[in-house]
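Order of writing sets the chain letters: A, B, C and D. Residues in each chain are counted from 1.
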Amino acid sequence: MSWTAHSYMARKGVAQGRTGAEHALTEAAQGKFHYVYGPYVEAKLRIQPGDTLTVETIDAFGGRVKTENDLPTKVLDFPFVNPQNGPIHVEGAVKGDVLAVHILSIDPRGEQPCGTTALIPEFGGLVGTGTTAMLNAPLPERVKKMQVTRAGVKFSERITLPYEPFIGTLGVSPEIEAVSSLTPDYWGGNMDLPDVAPGSIVYFPVQHPGAFLYLGDCHGRQGDGELCGVAVEMAATVRLQVDLIKGWSIPGVRLETEDFIMSVGSARPMEDAARMAYRDLVRWLVSDYGFEESEAYFLCTQAGKVRLGNMVDPKYTLGASMKKGWIGG
Amino acid sequence: MSWTAHSYMARKGVAQGRTGAEHALTEAAQGKFHYVYGPYVEAKLRIQPGDTLTVETIDAFGGRVKTENDLPTKVLDFPFVNPQNGPIHVEGAVKGDVLAVHILSIDPRGEQPCGTTALIPEFGGLVGTGTTAMLNAPLPERVKKMQVTRAGVKFSERITLPYEPFIGTLGVSPEIEAVSSLTPDYWGGNMDLPDVAPGSIVYFPVQHPGAFLYLGDCHGRQGDGELCGVAVEMAATVRLQVDLIKGWSIPGVRLETEDFIMSVGSARPMEDAARMAYRDLVRWLVSDYGFEESEAYFLCTQAGKVRLGNMVDPKYTLGASMKKGWIGG
Amino acid sequence: MSWTAHSYMARKGVAQGRTGAEHALTEAAQGKFHYVYGPYVEAKLRIQPGDTLTVETIDAFGGRVKTENDLPTKVLDFPFVNPQNGPIHVEGAVKGDVLAVHILSIDPRGEQPCGTTALIPEFGGLVGTGTTAMLNAPLPERVKKMQVTRAGVKFSERITLPYEPFIGTLGVSPEIEAVSSLTPDYWGGNMDLPDVAPGSIVYFPVQHPGAFLYLGDCHGRQGDGELCGVAVEMAATVRLQVDLIKGWSIPGVRLETEDFIMSVGSARPMEDAARMAYRDLVRWLVSDYGFEESEAYFLCTQAGKVRLGNMVDPKYTLGASMKKGWIGG
Amino acid sequence: MSWTAHSYMARKGVAQGRTGAEHALTEAAQGKFHYVYGPYVEAKLRIQPGDTLTVETIDAFGGRVKTENDLPTKVLDFPFVNPQNGPIHVEGAVKGDVLAVHILSIDPRGEQPCGTTALIPEFGGLVGTGTTAMLNAPLPERVKKMQVTRAGVKFSERITLPYEPFIGTLGVSPEIEAVSSLTPDYWGGNMDLPDVAPGSIVYFPVQHPGAFLYLGDCHGRQGDGELCGVAVEMAATVRLQVDLIKGWSIPGVRLETEDFIMSVGSARPMEDAARMAYRDLVRWLVSDYGFEESEAYFLCTQAGKVRLGNMVDPKYTLGASMKKGWIGG
């Protein structure tokens, strides 16, 4: 039996571990993509807790960077970047609930080389930006295309990296805000966290009736921090199962795999993202695993793991995790 | 002749220094207040460049903290805080223009004591918060009411502070986002910068057709940084003149008084707000005052002034300024 | 009668406001200058509380940047920069005491143009550095010499800025550390805070027997933040009076003028410097001015002032102040 | 044949992979421990490149926290914490060289339970501190003792964590500074980075003649970030082999294992530590592995790994690494 039978999703979800209807949201069906996470649009699809979804996402450049000559500053039209599928309305979801998203698979779509990375002026972790504002001249703009298959990401003639896909941008609508799909926050969004991958279940605090799930920005793989700001961007076919947990109050995104539980924080400076993630992990250990607060704090000190998602987006994202084996999860 | 005849507003504005029609936006006329800066609502009022406005704002608590017993966590309903008047549509404004807002006067409204400050759990510059997440217990919640008149802010029996009012939250709509009125950014918003005061002209980069001016959150006075997170909050009557400068590309908020020009940055960590503000000031000296870049950088080094607006909001706000007397402005 | 008669120095100092002997520490008498604040050297001079001192400092470049062709990376020998006079042993000072330094005057020394500023690669507030590490190319190195007299700093043919001198680096020895004179911390050091100026009394927590006062790095003037990293550097003649306050425990540098009291914080990120400064100011209002803690927090919120010293040194320095007129000081 | 035959140490070291003399530095031989990393003391031991060392370290509390009733604020005497063995003079080391330290083994010493962790007021990643200064009351002070053997760290009755020891504080002397052993920096020091473990070779840029190697502060294990500020502190027996690489200029600490190369950054805010680490890794890939700079930046983006050492010390430490398998190392 799969570990998922013991997941929060299976134990607490409305669907009680059962699989519901199958839905598809193709690129054509999506039609117009979205550039904000917000409540000011109509739902594109309505589903029930327990249903599964196949979604065709487009890449963070909306497919406009077709060759290494298509420089982002020429072919993109800010702020219309990082296009998102959705929103998907989940029946019965209201503020105070949690939306559970089990990621089943992610496959690359489109013509090869379908992976794209780039150096974009004033963007990235090792250059001056609009906020870490510098007088230095930007680096030259550059695009690099890569073949991406389940067999690997062909970085160069001599280097093929493992295919380790994940969803860069995934989350639910804020209650009254409509926030750029470039930004991560407590509702999810552009976390660029490699653990949001097949096999993981991600939990989001619902803010808006129907939750309004959005997703996009799949990556063939990414290093910790997404250093230059652009991972292996690709169009993808994503399969998800969605469920709803009633009355579970969580302050931000949580995540679960077979091996660990993780709390996610998004903030600047980076230590605040770490504080948010670890404080939530401490409190989760207290509420669900029987630890007294100082014991939970000690356990995180001796056994917590940190995964840096991004150090380039408007907020940096970082996950703090604990092995299930140590806490009886 | 007033200095304003030489202001950017008078020299470059569509109204060419002329005063247009008078408008009023009373509390009753406003009706429903707004809690986001965004384009997803109808304009409440339409004006022409050069027109003047009298606006009745309500305080950041929506008037719900009437006595020192009305604790914010009891009477407020997050995220419905910091209510804003507007949006006001300015004829002819499009992306790439600048909206100029000359603040003429700010007067307190309502029953005395009409000023309110408070300690709110997990909010403020010297306590753990949702982002600078701590395990320490919060400080006790507390409300303090103060009489506010043009004669002063009665802080206590022994201390009356000068009445130095300003608009805490003022700005234009983002292009596609709708962002909490608690947040400052390049379009303005909750800057909590005491220079946004009578006598100043504030310049905002237009993002949305008609600019969509919002305002609220007036303060009877405030120290640098708005340390506990809550200034002398008050309902107010605000008089403004608004003009439009076509084709002036600015990366964020700028401000002008008789004595100085100022660039404003909003970011975390605080040094990034300072970098944004100072980089824009350097570039402004280059573009408009005849300085070579390194000379402008040197001049800011030897003569720049910094004003800390807030160190408590989702982004910290800080202004960097240069005396007009030194640059021939 | 001067305000200083009511200063902490006069009221609590060992010298009880009396002036002691006169000492001189000429450049020649200093001989070898120091590049760390530490206890591992012999005192250069021994004085009594109440004594006055005339000290000849050299500039932060040790006088090696004589012309605009003397590029810092060519003529300097890191880490031997920012040379300091001292240490001066103050009789009777022990850990737990406070050293009071009243700055009487600062005059420029040496051949004109005696003021120097510069752009140094990988140093400054608007460029990538060794810590805010970037891949961008550095700005071109550049030196600018300026005539500095009591009449003003001749920034350029068209701009003469007021002469507003201060001591960039001033403090006492740490207990067991010896820290670069480029770094500010709780013992003082390279604060680059313009309030450390004639007329101010600065208070330092003694860590080492005899206090071991160091000073150097005088500036003809400086803007807030010392943006490019190099103020109007100059050799100077400094006059000081020094006193000792027994048994006054302060967590960091404090400062007093006729008009205000100030607490100083040095840290990164900048908000931590602000937190340190303001927390100490709140506690100072509680301990010495009769405020309950939340009242002090409120008063700082409504009436505190912030002065940014530097945003370029290994720690950023910032002062938070309160007007004496409002607190009965 | 061991991977170490291909290490930088073996390929570039003066000892050319040969093992020299054996030395021991027992607790008794050390006698007086040190609390700063600096040049102002005599070397305790002199060795040749290639020599091996067995060192008896004491724990970060100097052994004073013997039971759970020995509260740190009662039994410790700041700043005399984190005692260090050394300095060890390595023959021939001069500024511009690199000291290579191969960690062979780490074993716990002393009576059980020999592991100690603690909550110390104003210290830790989820509480207000002296720099992230808050008005909130501190958490209650607490000590937790744990049995530590090669078989594991007995965290509680139900949880035994793997024994994964490392050296918390290891490095060389700065050139002219003497810096608290609580602080990490480019010369090493209190990095609290779990990769500084048996099997790793750590590289330090020599600043002082003889390098002056210091070490102490061994940990039975630690989670990422050392969240509460205190890992599984223990006295230990450490075995090291030391070599010298002439004329290798590195800007900070580097590390090598069988599987990866790592660059280490120590700074606040945390993103600056990440920038330092990743910039050095990019440059290392360029200088030693044949990458063009933008390719190296892309590779780190897609395949870099980040390990958070500490988020509690005066500077935060973080390592950025790349798998040797991908770069032909």
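As a convention for this text, contacts are C-beta pairs under 8 Å (C-beta built on N, C-alpha and C of every residue); 3 or more make two chains touch, one makes a residue touch a chain.
Owing to the predicted nature of the structure, the values given are computational and were not obtained by experimental measurement.
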Item to check | Set of chains whose contacts include both chain C and chain A | outcome: B, D
Checklist entry - Any idea whether B-C or B-D has more C-beta pairs in contact? => result B-C
Item to check | Listed pair (A-B, A-C or B-C) duplicating the A-D contact set, over half by residue number | outcome: B-C
Next on the checklist: Can you compute the centre-to-centre distance for chain B and chain C, using the mean CA position of each chain? Integer Å is fine.
Outcome noted: 34
Next on the checklist: For chain B versus chain D, what separation do you get between their C-alpha means, in angstrom?
Outcome noted: 48
Checklist entry - For chain D, what residues touch not just one other chain but two or more? => result 126, 132-135, 139, 268-269, 275, 278-279, 282, 297
Next on the checklist: Per the contact definition, I'd like the list of chain C residues that touch chain A in the complex.
Outcome noted: 126-128, 132-139, 269
Checklist outcome for this item: Within their complex, chain B touches chain C through residues 117, 119, 124-126, 139-140, 142, 144, 153, 155-156, 158-159, 161, 221-232, 268-271, 274-275, 278-279, 282, 294-295, 297-306, 308, 311, 316, 320, 326-328
Checklist outcome for this item: Touching chain A in the complex, chain B uses residues 35-36, 38, 40, 79-80, 130-135, 175-180, 251, 265, 267-269, 272, 275-276, 278-280, 282, 293, 297
